[in-house]
Each structure stands twice: as structure tokens, then as C-alpha cells.
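Got a structure here, written out as C-alpha cells. Questions coming.
Lettered A, B, C and D in written order, each chain numbered from 1.
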Amino acid sequence: MTFNELLPLAVLASSLIPGLLIFTLPESWVGLRTTLNLSGALVKLALVLLLIVGVQAGESYGVHFAVLPGLNLAFKADALGLLFITLSAVLWLFTTLYAIGYLEGAPRRSRFFGFFSLCVTATMGIAMAANLFTFFVFYELLTLATFPLVVHRGTEASIRGGMTYLTYTLIGGAVLLTGIVWLHHLLGHTDFAHAGIAAALGSAYDGQLQIIFLLLMIGVGVKAAIVPLHGWLPQAMVAPAPVSALLHAVAVVKAGAFGIVRIVYEVYGIEFAQSLDLLLPLAIFAAVTIVWGSFRALFQDDLKKRLAYSTVSQVSYIVLGITLFGPIGTVGGLVHLVHQGLMKVTLFFCAGNYAETLGIHKVSEMNGAGRRMPLTSIAFTIGALGMIGVPLTAGAVSKAWLIDGASAAGMDWAIWVLWTSSLLNAVYFLPILWRTWFKPIPKAWPAEHIVARGWRETAWLLLLPPMVTAAMTLAAGMFPNNQISPLSWAKLIAEREYVHESIIWTP
Amino acid sequence: MKRLLVVLGAVCLIVLLLGAMHDLAPASVELHAAVAANLTASGVEHPVTAVLLNFRGYDTLLEIAVLLLALIVILAIGREEASNAEATVDVRLLVSPVLQTLAKLATPLMIMVAFYLLWAGSFRPGGAFQAGAVLAAAAVLLHLAELLPSWQSPGARLRLGLAGGFLIFLAVGAGSLMQGALLEYPLEQAGALILLIESGLTISLGLILAGLFLLLSRDDGETS
Amino acid sequence: MMVWLILLPLLWASLAFMLGPSRGVWPAIAGLVAQLWLAFALAAEIVGSGAAMHAVGGWGAPLGIDLVADGLSAAMLLLTQCIALPLAVYAHAYFKRDDPARNYFWPLVGFLLAGLNALFLSADLFNIYVTLELLGLAAVGLVAAGGGAQQIAAALRYLFATLVGSGAYLLGVALIYGTYGTVSTVTLVSLIGADAPDLVWIAGGLMVLGLMLKTALFPFHFWLPPAHGGAPAPVSALLSAVVVKASFYLILRLWVGPFSSLTVVASLVVWFPALLGTLAVFWGSYQAIRAERLKMLIAYSTVAQLGYLFLIFPLLASAGALQAGIMQVFAHGLAKAAMFAAAGTLIKATGQEMVAGLAGVAERLPVTLFAFGLAGITLMGLPPSAGFLAKWQLIELALSQQQWVIAFVVLVGGLLAAVYVFSVLRQAFLLAPADSVVTPVSRTLEWTAFVLAAASVLLGLRGVELMQLVGVT
Amino acid sequence: MTAGLLFASVGVILFALGVAGVLLLEHLLRRILAFNIMGSGTFLVLVGLAQRNGIADPVPQAMVLTGIVVAVAATALALALARRLYVLTGKLELSQDDEA
């Protein structure tokens, strides 16, 4: 086995092995568990770095195993996959740090971190899958590995949330499987390839391919929380804050969005999908989701629920970008995959901090929180402004590309959708910021668990991750054209997908 | 409803089968001819014994296993502890002395008949099963005459006796397997080996069949 | 080599019997290790050099009895030994010293395995009858052993079902012998043509119906839940995992063997087992969802999962159907053995037989619950697991033959399985009530279940060799 | 109709009667007897049908011998279970309510 075959497997193993080891650890072995967690995350980051360097240099990484005759478990690390891998690997590190701080002294931590690592393994598998079969294997594995995390608290409410999550995802999985098997039956394989594989079937199969596309989109649309398949996401916010971060930013909804990207670009091919009239309906669903999610967020007093509806809306930005036929929209969608992750993870970290430190769970309780917890609130503000799309944040970059993409594709209505959503974002985020910074501090916090010591408003493991991710949000917004920025990488991917089109980069 | 369905099904089955069994063409394979042709090589002279212990001896091996198994199951579901002594009524008084004397007289005769049947099996109807059944009948007779108590749980020697015949059969099978094929007897030893198996089986079958009865008649101590 | 797979369990069973009540575990485990090795060696040999044949007594069919080991039988042998060994280790740890079920457990298991192995190898219809009875009586004995009134009643019901089933089978054999003068399956393949007399059709129907009764295919499943739900956990595991598969294997064997020319002619007949299978999937799942006792839930799940096996009959035109069937047999066998074993541990530790009593076990017995969960993944057909591969193969076959209904049944069946599996897991993840007591259990119990469950999942990552084996004819 | 065919016909009727008995009767001893009738019917078919042309065939005869022994074993087992059930519950019937 060569190095190039081994490397993708090593990326998987770097979280799988620590995860399995952690399961076997007794509850009290905090030190070893933390070491395993962090060394796994760091090793993974190093391996991903190797991959990035290699892929930029034009190396190809891949390996496959036969599971059944004619059915392969296949992995590859390409530019598109790496975008997702890098995001997840980086955010995993911070989420792990945050979770260590968040769960300090809590029970059942071995189980928690075990499944946490399995989740990331599944995400890596999704990102590196080289065919739909492999994608599906890890996609379902992700469902199974997140269930114990969602129900981690063991209360009736959390179990209910977990069961709702399962109901949606398992039914979605069954629909997805139908589509995949059908496609496999028609094509004899489901390997991802630039510009797609479905076009090879010939026009006699157009009808079947349209139905299959619908099945596949329902399947991945559940995780991507596209309206009307989004019902599980607000329910699942009963999970602990690090899990919410994982669901909303690192793994689950991203897996759905990433699945849409893979299917549109590398199974159907963007041009073939356009010729089958598949993109416009998808764009309409994405648009409805964007507006509906933002609209519902307006009425949520529960902070995490408001963030959850915000996720529903924001993830569909990615979908919308993909359906805007043309490279500019593609860049906008892909770059938002990363940017939304950075911003949303920051917001959930901060929401967790408010809850853990002061017992704040509701928007109406946030009066004056900025003065008690300035650092957290600064991070929260950056995340919120990014979501609105204020210049110099990551959100502004994605939005600019999406809007340009829409006008380049001649879909002016999409521009209106984006503007409406930004307006709604402002309406539901700005009042929070106003309360945080400008309302007086109440006499007593709902439940103050952690007392401030000097500048340390809360435990440092809780404080560090949101600050770093907020800083990254700013960096991505201020230096979008830097060589290692998400934007540059998204451009590289778009160049490879639009094989028949000369690309003029406007913005 | 269920009754109607079952009766209807049974009637249908009878009608269908009786209809289908008429004017059936003769069978295309004639095994009786094959048995007759190979009888001399089988080591016995009686065709049924030849089929039972040679041509289809493997069936018989498994069948003994079934019988032994039934005995074990009966042991397994019964209670292991000894019965409650107080609960048993002394029925000895009820058994007539005539029966006891007859039983005592008949037993040696029955054992002799069993040996005759075993010996006769190689050339005329008879064999280990019949012999074992007669032995078992003797035991049942003795038990009914209150001369032989019912079994509680068999001791080591009795267990050896119960399983011994089967083990001899199994050992012959294993030995022949190492030589060539399972239960393939060398031509000149076929008769001797079959006699060995039959002798072992006679004792064990007698014990097992007797055991089926004597174990079932043991007192569970819970009947009111 | 294959004959030893029959003689060895007979040998250690009688040895265990002679050693006396509750003795014989070591001969049994030594024998099982040897059998496992033999099964692997046999499979390897068959993949290398094709199907093997052994003429018992040196006579050869039709006068004598032939034993044939092809891919199908070797796969079943392999599965049986793979499940039996861990379960034997589990059983050794499971039974308390004074448990009356332990007294004759080893001899009974030995005869059961001998019956199974003999059945898989036999190529003689009458000999198969004897193996069926050996198997059936041993299974009844295991259900009844040392049990109370409920277990005895369940055993009796099971006994009558299995006796009627094998009775119908034997009548079929009698009719076949009467018609053709032979019971060798190899000889019969060429004798039974599409123009076979009506009697042969009736015989085939009787045999298949009898075997369906023994397989507990809906609506003949009535005996299974009380028997499998009431027996001690190691017994339930063994019965659900392999014993019911034996009669399924026979149906399959007859269907593609002696009766193949009949089943080809009667294109509507193939839908009969598939229809019953569909009903079994729905009815079994429905009952499992409603079940309140944990072991009843698992037993009804067996009824549902057996239904999948019968969905392959309309698809047998392509070779893949057999492979899909065997993959499902493996998946369910390993997973169900693991699940019953895990359930036995949970019940032993919590003292609760109800699903509702499981609150908090995720925390107290993580390994066992993990085993239960992994087995559940296989039953739901989620990846990566053997159950998933079986499901994939079935759906793809159904699509390629335009049998949409079958694909739909498979998918919905998987979702229904998720409902009952997660109804257990949801309970297990709840916080434990303050007054709950969990008695410590032996690690052997926890890990044997885990090994079986892990095997059912890992097979989903590598099914190539098994498919290659099944392909050998 | 030859003697063999007559035996076989009677066997078929006995089998059907036996099966119906096992399925319909309540009392366990009767069910066990019905099972034996069913078995005897099968044996008659096995011997009779094969020898319908009047030629003796030792193979089905040997098979029937084997079958009888198996039936004896099964009967003994059934009796033991029935007796055990009687000891435990005082009844010789399977109650219907625990079937579902």
C-alpha cells in the first residue's frame, strides 16, 4: 500500500482509533482521555495539512476495497472533499477543547467523547467518499453516532429530541438508499467524477434520472434541513452546546449540504443537471428555506432555537449557490460552506457560555450580558454580524459572491431572496446585540455557575474556542484573496467543475 | 372457523392425493434390484438389515442419536432431586403375587428371545431393535410387577450402558471414516462389525426404551 | 473432513452425557473449536477445488446416502459453528451452578449441532428427515429443559408444530419415493421434469409447507415467540440464529434443486413465499413494536426478519438472489444471536424483563448495550453491516427485475425494525431511576455478545469471500 | 387397485385425520395419539406406494423402521412434556390465551 493510498485511511484512523480507545477508558481517567482527544485532533490536522499541500501540487490520493463483487468502499481526497475535511478538522479541534471545558466533572464523558470521535470519523468518511455507496455508509454512520450525543443528558426531553432526529434522518436515509441503489443498478457504479457520470446513460433514461435526483435530494435534504424536511433541527437543540456546534457547523447539516454539492457536481454534473431542469426546482426550495428559516427565527425567545432556525436558513445559502448555474454562484455556495461553519460554531459556543456561566437560555434574559462577559459577547457579535453579512466579516464575502452569481445566472429573484434574508437576519440578531451591550445588568442572573475572576469571565477552555473562531471569521472576511483562504480554495474547485466554460472572475 | 378450515384442508388433501396416486407410472429407479445385487457385499443376508445397517446405516446412526436424545430430554425436563418419600403410597400390596411370579419366570425367557432376535437379524426379520424392544418390555414388566423401581437419575454405569451402544456405532463410524468412507466396512469384516454394532445397540436400545418408560413413571412428588 | 463436522458433536454430546449432569463444558468447547476450524477448512477447500462429495458406506446414491458440501452448505456450516462457539462460552458463564437448565445443556446442544451439520450436508431426502427430527427434538428439549409451566407449554406447542412440519415433509418424501424410487436429491434433479405427475407437485407442496411451519414463516409463526421468548437466553440465541434457518435452507435447496423444473414452470408459485414473507415482515415488526417484554420483542423481530428470506424466491432467476439470501441469513444469524445474548445479560443484571425496566443501562452496562445496538444496526440494515449488504443486494435485484414491491417491502421493513430497536435504545439512554439496582455480571457474558454483534457489522465491510463461497456449486 | 395402493390410500386418510387431530384436539394425550396416527399414515404411504406393483422393496421397509423409532422417541418426549405440564399446572391442555 502506497503512501497516497494510506493517507486518506490515516485521516479516518486519526479519530476512529482514539474514539474506540476512549470508549474503553474508565470515567475517572481524565488525563489520558484528554490526551487521546487532543492528540487525535492534532494528528488529524497535520495529516490534513499534508493532503492540502499534496492536492495543490496535483497529487491524487485514493484507495478502495471491494465489499461485494462490483461494489467498492472507495475513498479519495480531492479539492472539494478537502474543503469540507479542513473545515471539520479545524472545528473539531476547537469543539473538542470546548467540550472538555463544557463537560468538566460531568458524568458519562467516555461515552460522549467516544461518539464525538466517531462523528468526526463519519464526517471525514463523507468528505472522502469516492462513490455514493461509500458516501451513504458514512452518512448513516453519522446519524447513528450523533444519536447518543443528542440524547446525552438522558432526560425525557432530550430523548424526544433524539427520536425526532432519528425519525427524520432514518426515513431520509431510506429514501436516499433507494436513489443510490437505483442509480447503481442503471450505471453499474456510482463513482464520483468531474462533470458527472449520469450523462453517460443517454436521453432514454432522463425520466428515471429525474426521479432519482428527487430521491437523492430528499435523502440529503433532511440533513441539510431544507424546508419542509427541517423539523428535526430545532428539536435537536436539546443537546449539549458542543453537540449543537457539531450538528450545526461541523458535521451533520454540512454533510447534507456537502452531499448536495457532490451529487449535483460529480454524479449528475452541473451542466447535465441544468439540461434536465433539475436546478431551478432545487433553487426554489433553497429560496423558500432561506426565507422561512429567517422568518421563524424572529419569533424564538430561546436563544439556541433562534440559532437553529438561523442555521436552517443559512445552510440553504450553500444550496442556492450551487443551483445558480455558473461558476460564480458555485464559489459563493462553496465558500459559504466554510464561512457558515465558522460563524455558527462561534455563535453556539457563545450560547453555551452564556448558559454555562450565567444560566441564560433565553434572548429576553440577555440584558447586560456584554458587560459581564465582554469577550464572549464580542465573539458573539462578530458571529451575528457575519450572519447578517456586514462587511469585513466572512458572511459578507459569501453574500457578495452569491449575489454576483445570481445576477450572472440571470436569476434576479434570487438576489431579492438574499436581501430579504439579510434584512430578517438583522431583525433577529440586532435586538440581541442591543440587549447585550446597551441594556443594564439585571440584579441577578438566572443561575450563575461560574464566577468571574479578573478578565476571565468564564472557564478559559470555554472562552478560547469562540474567540479563535470569531477571529477566523474576521480573517476570512478581511483577507478573502489570501492564498490559504476558503475563497481561494473554492475558486480552485469551481475551476475544476466547470470544464466547458472559460471563467471570468469579477469580484 | 379454524375447525372448518382444517377439516376442509384435510378433505382436500385426501381427494387430491387419492386422485393423484392412481395410474402412476412405474418408478424409474429400482432400488430393490440394487439391494439384491449388493446383498452379498453387505455382510448380512437379510435385505432389510442390509439396508438398515449397511446401505443406509447412516440413517440408523442418527436414529439412535434421536432415541438417546429423547431420553436425555426427558431427564432434562424432570426434576433432579429424589421424590418425596411420604407422597408415595405403598402399592406393593396391590400387585398380585401371581403376576410377580410370572414376571420372574418370563424375564429369563424374554432375554433369551432377545438374543435369538439379535442373532436372527442377519438372515431373517429381527435385529437389534426388536431385541432391544423385548429387553425393554421385560424391564417394563418387572416394573409393573413392582420388582424394578422407577428411575430417578441414572448413575455413571447406567449412563455408560445407555450411551454405550451409540458410542460403539460412532466409533465404528469414525474408524471406517479414517480408513475411507463413513461406515464403509471392509468386505470380510462387514458381518462381524455389524454384529458388534447390533450387540451394543441391543443392550443400549433395551436400556433406552426401558428408560423412556421408567423415567416417565417416576414420581414427581408434586401431584396432588 | 465434512463428516467430522457431524461425528464430532455427536461424540462430545454423548461424552458430556456420560460425564453426568451439568458436566461436559470442556469437551464441548474443545469440540466446537475443532468444528470451527473444520468449517473454515472445508470452506477454503470448496472455494479452491469446487463442491465436495462423500458417499457414506462407499455405496453412492441412489443405493446409499451421499453427503454433498457445496458453497451453500459450506456457508451454512460456517455460520453455525461461528455462532455456536461464542454462544457456548456465553452459556457457560450464563447458567448458575444450580440452574436445572444446565444439567443436560451440553448433550442437548451437541445433538442439536450434529443435527444441523448433518442437515446441511445431506443429499438424501429421507436422511434429511432424520436430521430434521434430531434437530427439532433437541431444540424442543432445550426450550423445555428445567423450565416452569410456561416454558413447558411453549415447548409442547413448538413440539407439535415441528412434528406436524416434519410429518408433512415425510409424507412428501414418501410420495417422491413412490413416484421415482429414490430419495437422492442429486438423482432426483434429473428425474423431475416439468411434466412431472401431479403427485410430485403435491409432494413438493407438502414438503415446502411443512418446512415453512418449521421456519415459523407467517402465518405459521405462532409457536416461535413463546418458545424463543421463554427459553434461557443462550438457547433463544441459538434457536433464533440458526435453527429456524435450517428449514429455510432446506426450502431453498429443494426449490433450486430437485424442484427447480417445477418452480420454473409455475411462475405464480414463486409469489407465494414472497407474499407470506411480506406479511411476516409487517406482522412481525408490528408485534415487536407492541411487545412489552424484551425477549418477546426480539422473538417477534425474528418473525419479521425471516420474512426477508422469503422475498428472494421471485428473484431466484438471477444468481445474486441466492447470495442476497445467504447474506441475510448471516446478518440475521450473527445479529440475533448477539441480541438475545445481550438481552439475557441485561435481564440478568437488572432483574427486569420489560423494555420499560431498562432505563439507565446505557450507563451501567455499556458493552452489552453497545452489542445490542450493533446487532440492531444489522437488523435495521444500516451501514456498515451485513444486514445492509443484504438489503442493498435485495433492492438492487428487485429493481433489476422490476419487482418494485419487494424493494419497497425491504425498505419499509428496515424502518419498522428501527422503530423497535430504538424503542429499546431510547429506554436504555434514559437516566437510571435512583432506586434501580444493577447486579454485576460476568465480563464473558458482555463480551461474547459483543463479539457476535461486531462480527455482524464487520461482515458488512467485507462480503466478497462469502459471496465467492456461495457461488460454488 | 393393488394391495400396495390400498395401503397407501388408507395411509393418506390416516395422515389427514392425524393432522386434523393434532391441530384441533385440545387434550394433550389425544393430540399425541393423533400425531401417531399421522405418522402411521405416512409409513403406510411410504411402504404401500413404493410396492404398488407387488414387488417387495426393502428400502422403504427399512425407512419405516427408522421412522417408527423416531416416532417412538418423539412420542416419549411429548408424553414427558405433557406429564410435566400436568405436574406443574394440573391441566392436560394448552391454554389458548398465551398463544398471541
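Following the convention adopted for this analysis, contacts are C-beta pairs under 8 Å (C-beta built on N, C-alpha and C of every residue); 3 or more make two chains touch, one makes a residue touch a chain.
Computed from a prediction, not measured in an experiment: that's the story for all the values here.
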B-C or C-D - the one linked by more C-beta pairs in contact: B-C
Closest chain to the centre of mass proxy, which here is the mean CA position: C
Where subunit C and subunit D are represented by their mean Cα positions, the distance between them in whole Å: 27
Whole-Å gap separating subunit B and subunit C, where each centre is the average of the chain's CA atoms: 30
Distance between the centres, which are taken as Cα means, of subunit C and subunit A, whole angstrom: 43
Inter-centroid spacing, subunit D versus subunit A (mean Cα positions, whole Å): 68
Sequence positions of subunit C contacting 2 or more other chains: 126, 130, 133, 137, 140-141, 144, 152, 155, 175, 177-179, 181
Touching two or more other chains - residue numbers and ranges from subunit B: 17, 21, 24, 27, 31, 35, 55-56, 59, 63, 66, 69-70, 73, 77
Where subunit D touches two or more other chains, by residue: 8, 15, 19, 23, 49-50, 52, 57, 59, 63, 66, 70, 73-74, 77, 81, 84, 88
All chain pairs that touch each other: A-C, B-C, B-D, C-D
Subunit D partner contacts - residues on subunit C that touch it in the complex: 126, 129-130, 133, 137, 140-141, 144, 148-150, 152-153, 155-157, 159-160, 163-164, 167-168, 170-171, 173-175, 177-179, 181, 222, 226
Residue ranges of subunit D touching subunit B (in the complex, touch as defined): 5, 8-9, 12-13, 15-17, 19-20, 23-24, 49-50, 52-53, 55-59, 61-63, 65-66, 69-70, 72-74, 76-77, 79-81, 83-84, 86-88, 90
Footprint of subunit A on subunit C - complex, ascending: 360, 362-363, 366, 370, 377, 380, 382-384, 388-389, 391-393, 395-396, 399-400, 407, 411-412, 414-415, 418, 422, 425-426, 429-431, 460-464, 467-468
Touch list for subunit A against partner subunit C, complex: 23, 65-69, 71, 73, 107-108, 111, 136-137, 140-141, 143-144, 147-148, 151, 153-156, 159, 162-163, 166, 170-171, 173-174, 177-178, 181-182, 184-185
Contact set on subunit D toward subunit C in their complex: 8, 11, 15, 18-19, 22-23, 28, 31, 35, 38-39, 41-43, 45-46, 49-50, 52, 57, 59-60, 63, 66-67, 70, 73-74, 77-78, 81-82, 84-85, 88-89, 94-95, 98-99
